[in-house]
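For reference, chains read A, B, C, D and E in written order, and residue numbers begin at 1 within each chain.
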């Protein structure tokens, strides 16, 4: 009862751009591993993985997805990195009633403002980051916040969610600068942050922007005066930071490869194949694909509605998904981790980068479901 | 433009192609081909290198998209208005830019396009870098449903043929004759009493409007208008398409657009995605070193050598 | 705190100084481009990639050979310059007599390839390169904390810019260069080895980008994309300054740093756009750029 | 003849621009202190002959010896250093340089060139306009500059292409005097000239060219008797 | 009476940075004349031309064409008003055919030059007139040749044909015989004479033979100012002109000629 007698998964990701380390070729590897681990077939139909480079462009991504579902019988699309591409891709997928398996995009819109019965958002989202990183700091008495925000939707979303958390917990936002994407020099913004009298300077940006803004913060002595919080720091970015600069920085992540034996076992397998340790998106992509295969098997069909129902019904449980369940809005709720970047002298090697400080239970990390996004039948 | 055997053969190919290839892909090629042809009108026939043509492509797309989503218009009207908007923007930009020549012209157009990029980046209605998503394709003249890809393709083909015809007519019109003279010897054209800037300006507007038409159509095909279309990379890409196809040739931009879109399409899928930049870069280097005439230019050379 | 018309003056001074620092960096970058673009009339789109190479080579030299910053500052530009010479000799020269568009396309291709190769090998997240020991720390000024390395950027780039300006504008070499690009054949007939001068100049311009890359490594993250974004801004600076004017490129670089800095303070979202706004205005008022000779 | 040192000899020189074959086996020679003209109609190949000597054509074959040195395989930039100075038909004034820079541009190839003062005395217009941009000069002034420029280098074999073009008669007359003076200093001059009235009284010999061939050689003293022949070639 | 003058300049001045190229020039060109502008190199002749056609803007002074002030007009507008120039360096459209060159000029008056939606065919009705013009300069057999391939003299002839196509009231010719072989010089001089019928011509020329043969009136410029004016006999025997411009040889010839005439 499988359409076209195969289960075909597309991996749409940034294969060569700034996010390619977060979920590019690595996500292809992760999905291939999932397919193999599942035995290479579901319900007797072979699993096929195809992949494409979205070049971080919404139009390219949506065109690829359109072609996959209209012309190449793709059943579900994984990867999905930048929020812009993901937004465009989910639109196409929803129209075609195919499942979007979002592993790395940060925006919470896919389960709120633009939620859809076919969206599955697995690894993390901006709300979890804000709840994870911001709340403990506000609670510890750091009330005045300054934002250096990447001037695009993801940055705005991160900033607004974090602001909400700050204000709900008795803090205040004393200033915001919106830096254009891919700004090379953040010193001007750092000076503004310095002048603001904030307790915490929050970096509502990602990737190279985070690395560069932190660099400037250290250079201009900002880190000595106030706390700098990276709201979204993936392991590759943490590795790219100057260890002296980054040491002690707090962050929230959906996965850390060195957390326990289970995570290490999978991560080492991944590293063997891919060459570097997995970032959270890689692990999420694997975990989600495994759950999808299980659901297809349980449903006895690859019909999206049936599979989605099964995915919600079955509890995901593996090295990645702890205390996890898939909510009716497509949000996968699971344990998140509050961690800090290790100082250079405590690192075994460059992979040994985080100290997990605490586990944040999924229900505290993720915002509650909106009623209008409840797709349970 | 007389219909030659070549034209008829190409037209037949275009008519049957969607039964062999994915129609949306073909429609994309046609949109970019129209864009490149519009650009080539300026570069190839007036000698003006615009490095900001993305502004018009994007404007056509955004305006049409917004109208389709908010104004409840039929697609042909939305496209018409999108095209007109791009033409208006072209009128404004052209007025400023045609006063300059050579590299300065290129730079003025680039700078103006960057300003437009900024506007679209910040303006709320464009959706920022998420783009304008889920633009409905609507029903042509309120009758023909365009949501079917094949129907959409034939509509795009019709739009393209119209644009292509208009460009070729322009080149071979009394106006085109003056443009040619201006390109050859501008001071002489002035001394014959031609306000050369006005002619360049009109050519710029035509080119901008047609680029807008391409963008407008494209936004319907993909149901999306995004910043990619206004980014300077896009302005660069259209230069590449035209050069790869052959500057100042009738079919060059069409072929160039086809080649580049196909290449991107092919490279972005699967294993090669990783190498896309390396391979594209290598192709450009090789093209420039060995096939400067562009595809059409080299073909013409080959034909001449073997049959001429 | 001192305020004037509601603006925090100390804050403003800080912004101005930071702008000046960035400006001296722009000056350094636009210098290489101005030489190649303005004097040789070659539109070198690979200049950004050469800048990236400079930064990466510095990183590689340190990681693989233990070569420190100061040695790298001398060696890396030479290596990058040599790559430039090879590029000129084997790629650019064969198409020198063709339309300038082709050199643009060619160097664009080279830039894509280099960027692709480095992304493939080193990923895109960027690499860390520490500020050299000697320049760590900073000085506390009344209105801001000035890191030593930033001060060094100002000094180093002004010295390099000044020397280059002298070389091109005040020595006969500069006249040979300008004349050689205008009518190479006649210069040859005068007994000047124009191809050699062109090659060396190209190499020198590229080496400057390499130098800027090494300078940038400790303050910006070393990543394959670092050059491509900067390139177009630097092009704009060269055009605003006036093509062919070395002094123009330097002064405009400084000025644009300051203007951009102020924009970052007043309307940060527009900070990457402001330079293009300036460019439109300048080109409309003074077609050949601020310091360019009227055509 | 053997008393005079031979400065320049072309033997069976062919020259090509791309595919077009312009010179078809040119033979000519100049001895020290001679002033020889190349006559011919528009397009006969006179300018091309000069350009071939400087290796400024697409391709050239045959033999070109300068001061006894074979130059046919020499790169263009080494030829000037044998003592050749070339004043091109289109003048080649550089717009990116001012008048003085233009004047000082070509490297000196021998030590006994004319000084800048001497040149300014000869062409006062240039002195007056010495800081203007080269191409802002009037047509005639540009012509003066082009000539002055190579007189400075000390070249002792001059290849001059249509130097009286666009000059006022009074200057043309002065140029004639200059050429005679140069000749007396021992310089060797190959002159391409339309203005036969100018060339006839000062030249020692004339070569007549047609369609890329040298069709006639006329000594100065034969001018009168060969006038009708010249008329048919040149349409004087 | 001023109506006799097609063109007048009043106190025309052009100063470049620290240098006055044209200094208070009052030029009067009589209708129907061939008027020559001569003078030493750098005297300002080309600059005067540039001012009259607004390729340069005068620093001060006025230009009257048929008593109408054309000083503020744009170059193209001046051309349309009937003042058309040729260039010191040959100006043709090299890639167009010879016929098309002339047609471009004829086309302007058709009023369809902006019609980008109409086929080129509609220009064919201009072909007869174009051929007529080509015939008048002896180029009829080259009508379909690419202009690039024409010899220098023929390009000049074509340029004159193109200029004639505008039917200008006043033609400005800057050194029309420069760079020509003797044959061509004669041909072009004849041509100028021929086309001067019914219109006025202002020309700059260094070839005194051509000047003496064609010019009805001559203005001599020196250092930007008018040195003297008159017919060839008057001007050429003026000792100041002889010294500044003609040189002794030409002067001797002119003097001899004058003596012959008076004798």
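Operating definition for what follows: contacts are C-beta pairs under 8 Å (C-beta built on N, C-alpha and C of every residue); 3 or more make two chains touch, one makes a residue touch a chain.
In UniProt terms the chains read B, C = Branched-chain amino acid ABC transporter permease; D, E = ABC transporter ATP-binding protein.
Quantities reported herein were computed from a predicted structural model and do not represent experimental measurements.
J.: What's the minimum number of touch steps needed to get from chain A to chain D?
T.: Contact-graph shortest path, chain A to chain D, evaluates to 2.
J.: Looking at the contacts, which chains touch chain C and chain E alike?
T.: B, D
J.: Count the smallest number of chain-to-chain hops linking chain C with chain D, moving only between touching chains.
T.: The fewest touching-chain steps linking chain C to chain D number 1.
J.: Tell me which chain's centre, taken as the mean of its C-alpha atoms, is farthest from chain E.
T.: The most remote chain is A.
J.: How big is the gap, in whole Å, between where the Cα atoms of chain A centre and where those of chain C centre?
T.: Roughly 36 Å separates the two chain centres.
J.: How many angstrom lie between the centres of chain B and chain C, each centre taken as the mean Cα position?
T.: The separation of the two C-alpha centroids amounts to 32 Å.
J.: What is the distance, in whole Å, between the centres of chain A and chain E, each centre taken as the mean of its C-alpha atoms?
T.: Averaging C-alpha atoms per chain gives centres 76 Å apart.
J.: Enumerate the residues of chain C that touch no fewer than two other chains.
T.: 116, 119-120, 269, 272
J.: Scan chain B for residues touching two or more other chains and write them down.
T.: 274-277 - these are the residues of chain B that touch more than one other chain.
J.: Which chain pairs here would you call touching?
T.: A-B, A-C, B-C, B-E, C-D, D-E
J.: Chain D touches which residues of chain C in the complex?
T.: 172, 175-176, 178-179, 181-183, 185-194, 244, 293
J.: Show which residues of chain B lie in contact with chain A when the two form their complex.
T.: 22, 24-25, 28, 121, 127-131, 133-134, 149, 222-224, 226-229, 264, 267-270, 273-277
J.: Applying the document's contact rule, which stretches of chain E touch chain D when the two form their complex?
T.: Spelled out, the residues of chain E in touch with chain D are 16, 19, 39-47, 88, 151-153, 175, 178-184, 206, 208, 243-250.
J.: Using the touch definition from the top, list the residues of chain B that touch chain E in their complex.
T.: 166, 169-170, 172-178, 180-181, 184-185, 187-196, 198-199, 202, 206
J.: Tell me, which parts of chain E touch chain B in their complex?
T.: Interface residues on the chain E side: 53, 55, 74-77, 79-80, 84-87, 91-96, 100, 103-105, 107-108, 110, 112-120, 122-123, 162, 166.
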